[in-house]
Amino acid sequence: MLDKIGIAKRIAREVKDGYYVNLGIGIPTLVANYVRDDISVEFQSENGVLGMGPFPYEGEEDADIINAGKQTITTLPGASFFDSATSFGMIRGKHVDLTILGAMEVAENGDIANWKIPGKMVKGMGGAMDLVASAENIIVAMMHTNKKGESKLLKKCSLPLTGVGCVKKIVTNLGVLEVTPKGFRLLERAPGVSIEVIKSATEGALIVEGDIPEMTV
Amino acid sequence: MIRKTVANVKEALLGVEDGMTFMLGGFGLCGIPENAISELVRLGVKDITCISNNAGVDDFGLGLLLQKHQIKKMISSYVGENEEFERQMLSGELEVELTPQGTLAEKCRAAQAGFPAFYTPAGYGTEVAEGKETRNFNGKMHVLEHAFEASFAFVKAWKGDEAGNLIFKGTARNFNPCMCGAAKITVAEVEELLPAGSLDPNEIQIPGIFVQRIFQGEHYEKRIEQRTVRSRN
Amino acid sequence: MLDKIGIAKRIAREVKDGYYVNLGIGIPTLVANYVRDDISVEFQSENGVLGMGPFPYEGEEDADIINAGKQTITTLPGASFFDSATSFGMIRGKHVDLTILGAMEVAENGDIANWKIPGKMVKGMGGAMDLVASAENIIVAMMHTNKKGESKLLKKCSLPLTGVGCVKKIVTNLGVLEVTPKGFRLLERAPGVSIEVIKSATEGALIVEGDIPEMTV
Amino acid sequence: MIRKTVANVKEALLGVEDGMTFMLGGFGLCGIPENAISELVRLGVKDITCISNNAGVDDFGLGLLLQKHQIKKMISSYVGENEEFERQMLSGELEVELTPQGTLAEKCRAAQAGFPAFYTPAGYGTEVAEGKETRNFNGKMHVLEHAFEASFAFVKAWKGDEAGNLIFKGTARNFNPCMCGAAKITVAEVEELLPAGSLDPNEIQIPGIFVQRIFQGEHYEKRIEQRTVRSRN
C-alpha cells in the first residue's frame, strides 16, 4: 500500500520531458519533489506563474509571490508572471500538458467530484472546473476509499460534479487505474496489495485483464 | 495626458453607494486593494455584491466587510479559510455564487473588452451550468457565460503613473488587470505613484484608459496566508 | 466652403477635455493638429498605442513606432503600447470616447460605407467596422459630394456598408449635420455656404429648422 | 526550464508544407517575421493560406510570397499598398477573406485561449456578417465569429529567452502576442535571444508556454512604409 508520498512518487513517473504541469493542492503538490531531475518540466500555478521553484529560504518569502495554495514560493530561471485571464487561456487552450488533482469521487466514466459536499462546507471549485474541462491529460491522486472505508471509485458520483468524463488515470494508495469506456482498468497494484483488495475497494466496474504487475516506485 | 490622480482613498471612493456591485482584485490576500477595502469598511456601505476570487480571511481582506455584515452577495471561485464566511453562508445571511476561476477571470475580461458573452467548456455537466445555454463546438460541449456588470472595480498595482498606467508585481497581478475597465469606474491603488513619463510605455501592463482614478495607498500590510519556507541547511 | 484643414479645425472643436480619441486616416489625422491646447486629450491608434505625439524629428524615426496609417510617430509622457486584441478591447469596450473617420457614403439613418467599391479596388475595412460598431460617438469627416459632384449624404448607401445606424455627426466642406431619426439635421453652414447649396448637395432627407448659423472656425 | 531554442530559421520552419495555414504577425511592415518570410520564399511552399493583418508591399513582407505565387488565400483586414496583390485578386488568382481588424485579433486570441467562438458587434449588417449567426445581447446585435485554426504561427519579438519568453517593442507588438499559441506550432524570431533568467519574469509579455520554437533572426531590415518626420526648425 502507498502513503501520500508514495502516490506522489508514482505520479511523478507520469511526468514527461517537456511537460507543463498544473498541480492541485494536497498530494499533487508533493509530485514536484519527485520528478526526475534529468528531464525538463515547468510547473504552472493558475494564480499566474509559470516556472515555479521551491519554497523560499527563511526570511526571503515575498507576499507578492505565491502559488494557488497561497503558499510563498520562488521562481526558476525562465519563469514568468501573468494575469488570471491569460493563466486560464493556457489551461483552456490546452497549452498545459498535464493536470494532477485530488478528488472526493471518480466515476467509471471519468466523471469527477471534488468541490462540494451538500449541506456541509462548500469551499468552491477554484480553478478545478476549468482544468478538468480543458486538460487532455488528467491524473487524479487520491486514497482509494474515504475515511469511512467507502470506495471513491464509483459507478456514478454521488456528489456534485466538477467535470464529466474527463479523468484519464487514477493513482491511489492501492494501485494505478485507467478510465476506459468499459470502466476502471487496473494497470498496476501498489506494493503488497492484492487484486482482491482492490476489487473490494472499487465500487465501479473494475477491469482486470492479464497479469497486473506490482508497481515499482 | 489625461490625469487620473485623486488625493486619497476618500476621494477615490466618492460615489460608492449601498446595494452596488464591486469588483475587487486579488488572489487570497495577494494583491488585494487593502486601502479601498478599509475605506469601504469605514464608509459602512451595505448590501453590496462583491466579485472577488476569494473572500479574504476572518480578520483581513474581504473578511473585514463580512464581519460588519456589509456584503449581501459574493461571486467567487473559492471561499475557504474563513469561518465567519462559512457561518453567514450556512445561516443564509450571505448569498454565494460560485463560478469557475477561469470563467470568473473571463467574465471580467469580457466586460473590459466589450464582449457580451462567451462560450467556455468549464462547468459543463455540473450544477454551474444549470439553467445556462450549452452548445457543441468541434464535438465538445460549452456553456454560455455573460460579462459581469459592476459599478466600481477596485484594483491594486505595484507602480502607477498620473495617466493611470499600471504595472503589477509577481502573482499580485492575478485578477487585477482583468478587472481594469470592467466596471463603470475603475479605482487603482498603487504602492508607488509616479509622474507621467516615468514608466516605459513598453512595460505598462494596463494602459490608463482602463483606469478612472488612481492614488497611492497609505499603507500595505501584505499579509501572507501560508508562509512556507525551507531552511538553508 | 471649408477645405480639408477647415473640416479638421471644425471637428477639433468637438474634442472635449478628457477624451480618448481614435483618428482615422486622411482628414481625421489632421484633427490632432487643431485641438485646443488647454484641454487634455489622448490619441489612440488601433495598431497598439495610446498617447501619440507628433511626427519624430528627422533622423529620430523608429520603424517600430508607427500609427495605423503606417506613419512614423512619437509618444508623449503617459503613453503606452499594447497588442491588437487589447487595442480593440479598448474600442469594443467603449473606453475610446470619440471616433473620427472618413466615409464614401453616409445614409440618413446613420449607415456608413467606406471600405469597398465593388468591381474596383478593395483595400479592406481595417479597424473601421470595429470602430463604428462600438463607438458611442462617431463623427464623419468628408467632402459633401464626390468627384463627380454626386451627394455622399444619401437616403440609402449604394456601396457595401461598414456599419449600420452608427454615425452621429458629419462635418463636410459645406456644413455640420447631425443624424436624427428623421434624417440629416443641418446644424451649421460652412462660411459663405447657403442653405440652398447644402440642400442641392444632399440627397438624403435634410432637416432645416430655425436659423442655421454660419460656423466660426 | 523547457528549452525552445532552435539553431536557425531552417530548423525553425521544419514541418512546413504546401497547403498549410499560417499566421504571421505584424501591422503593415512593422513587427513582421522577416526571417520566417524569407525562409518560406526559399522553401517555395505553395497554396498556403496566410492570416495576417496586411499583405506587405510589392517587394517586402508578404509581398515576397505573393510575387512567387505561393499564397492561395489571404485572411486580412487591410490589403492596400500592393499592386501585385491587387492584380492577383482582381484576376481571381488569389482568394481574399477580409475580416474586421478587431475580429481578426480576437480570432487569434480565441485560438490561443481555447475559446471556440465569440460574439462581436463588428460587421453586423454588413457583408462580413453574411451567412453568420447573429444575436441580440443587451439590445445590440452581434455576430458569432470562430477561432482561427492554423498549423504555424510566425511571430517576431524584440527580446526572447531560451524558455521561449518574449518581449515586444513599441507598436511592433501588434498581432504578434495574439498569435502566440494560436497555431499548432508557434515559431518566434527575435532580435536578441538571451539565456533563461535574463528577462525579469514580471516584464515578460508572452510566457514561453505559448512558443514552441525560438531563434535569433540573422538580419532585420525593418523597412518603414511612411517615413513622416518634422524638421527641428
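Each chain gets a letter, A, B, C and D, in the order it is written, and its residues are counted from 1.
Here, contacts are C-beta pairs under 8 Å (C-beta built on N, C-alpha and C of every residue); 3 or more make two chains touch, one makes a residue touch a chain.
Keep in mind that what you see is a predicted model, and the values were worked out from it rather than measured.
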Discussion item. With a step meaning a move to a chain it touches, how many steps does the shortest path from subunit B to subunit D take?
Written reply: 1
Discussion item. Centre to centre, using CA atoms, which chain is the farthest one from subunit C?
Written reply: A
Item to complete: Calculate how many whole Å lie between the centre of subunit A and the centre of subunit C, each centre taken as the average of the chain's C-alpha atoms.
Response: 55
Worksheet item: So, what's the distance in Å between the C-alpha centres of subunit B and subunit A?
Response: 28
Worksheet item: Taking each chain's centre as its mean C-alpha position, how far apart are subunit B and subunit C in Å?
Response: 36
Practice prompt. Please set out, as single numbers or ranges, the residues of subunit B touching at least two other chains.
Written response: 109, 114-115, 120-121, 168-170, 201-202
Response to the item:
Within subunit A, the set of residues that touch 2 or more other chains is 49, 81-82, 85, 88, 91-92, 134
Practice prompt. State which pairs of chains touch, listing all of them.
Written response: A-B, A-D, B-C, B-D, C-D
Worksheet item: For subunit A, which residues count as touching subunit B in their complex?
Response: 45-49, 54-73, 81-85, 87-88, 91-92, 111, 115, 121-130, 133-134, 160-165
Worksheet item: Once bound in the complex, which stretches of subunit D touch subunit A?
Response: 1-3, 109, 111-115, 161-163, 165, 181, 195-197, 201-202, 204, 207-210
Item to complete: Report the residues of subunit A in contact with subunit D in the complex, numbered from low to high.
Response: 18, 20, 40-42, 44, 49-51, 75-82, 85-86, 88-96, 134
Discussion item. For the complex, give me every residue of subunit D touching subunit B.
Written reply: 114-121, 137-138, 140, 142, 167-170, 201-203
Discussion item. Quick check: in the complex, which residue numbers of subunit D touch subunit C?
Written reply: 27-31, 53, 76-80, 86, 89, 96, 98, 100-106, 108-109, 120-128, 158, 168-178, 222-232
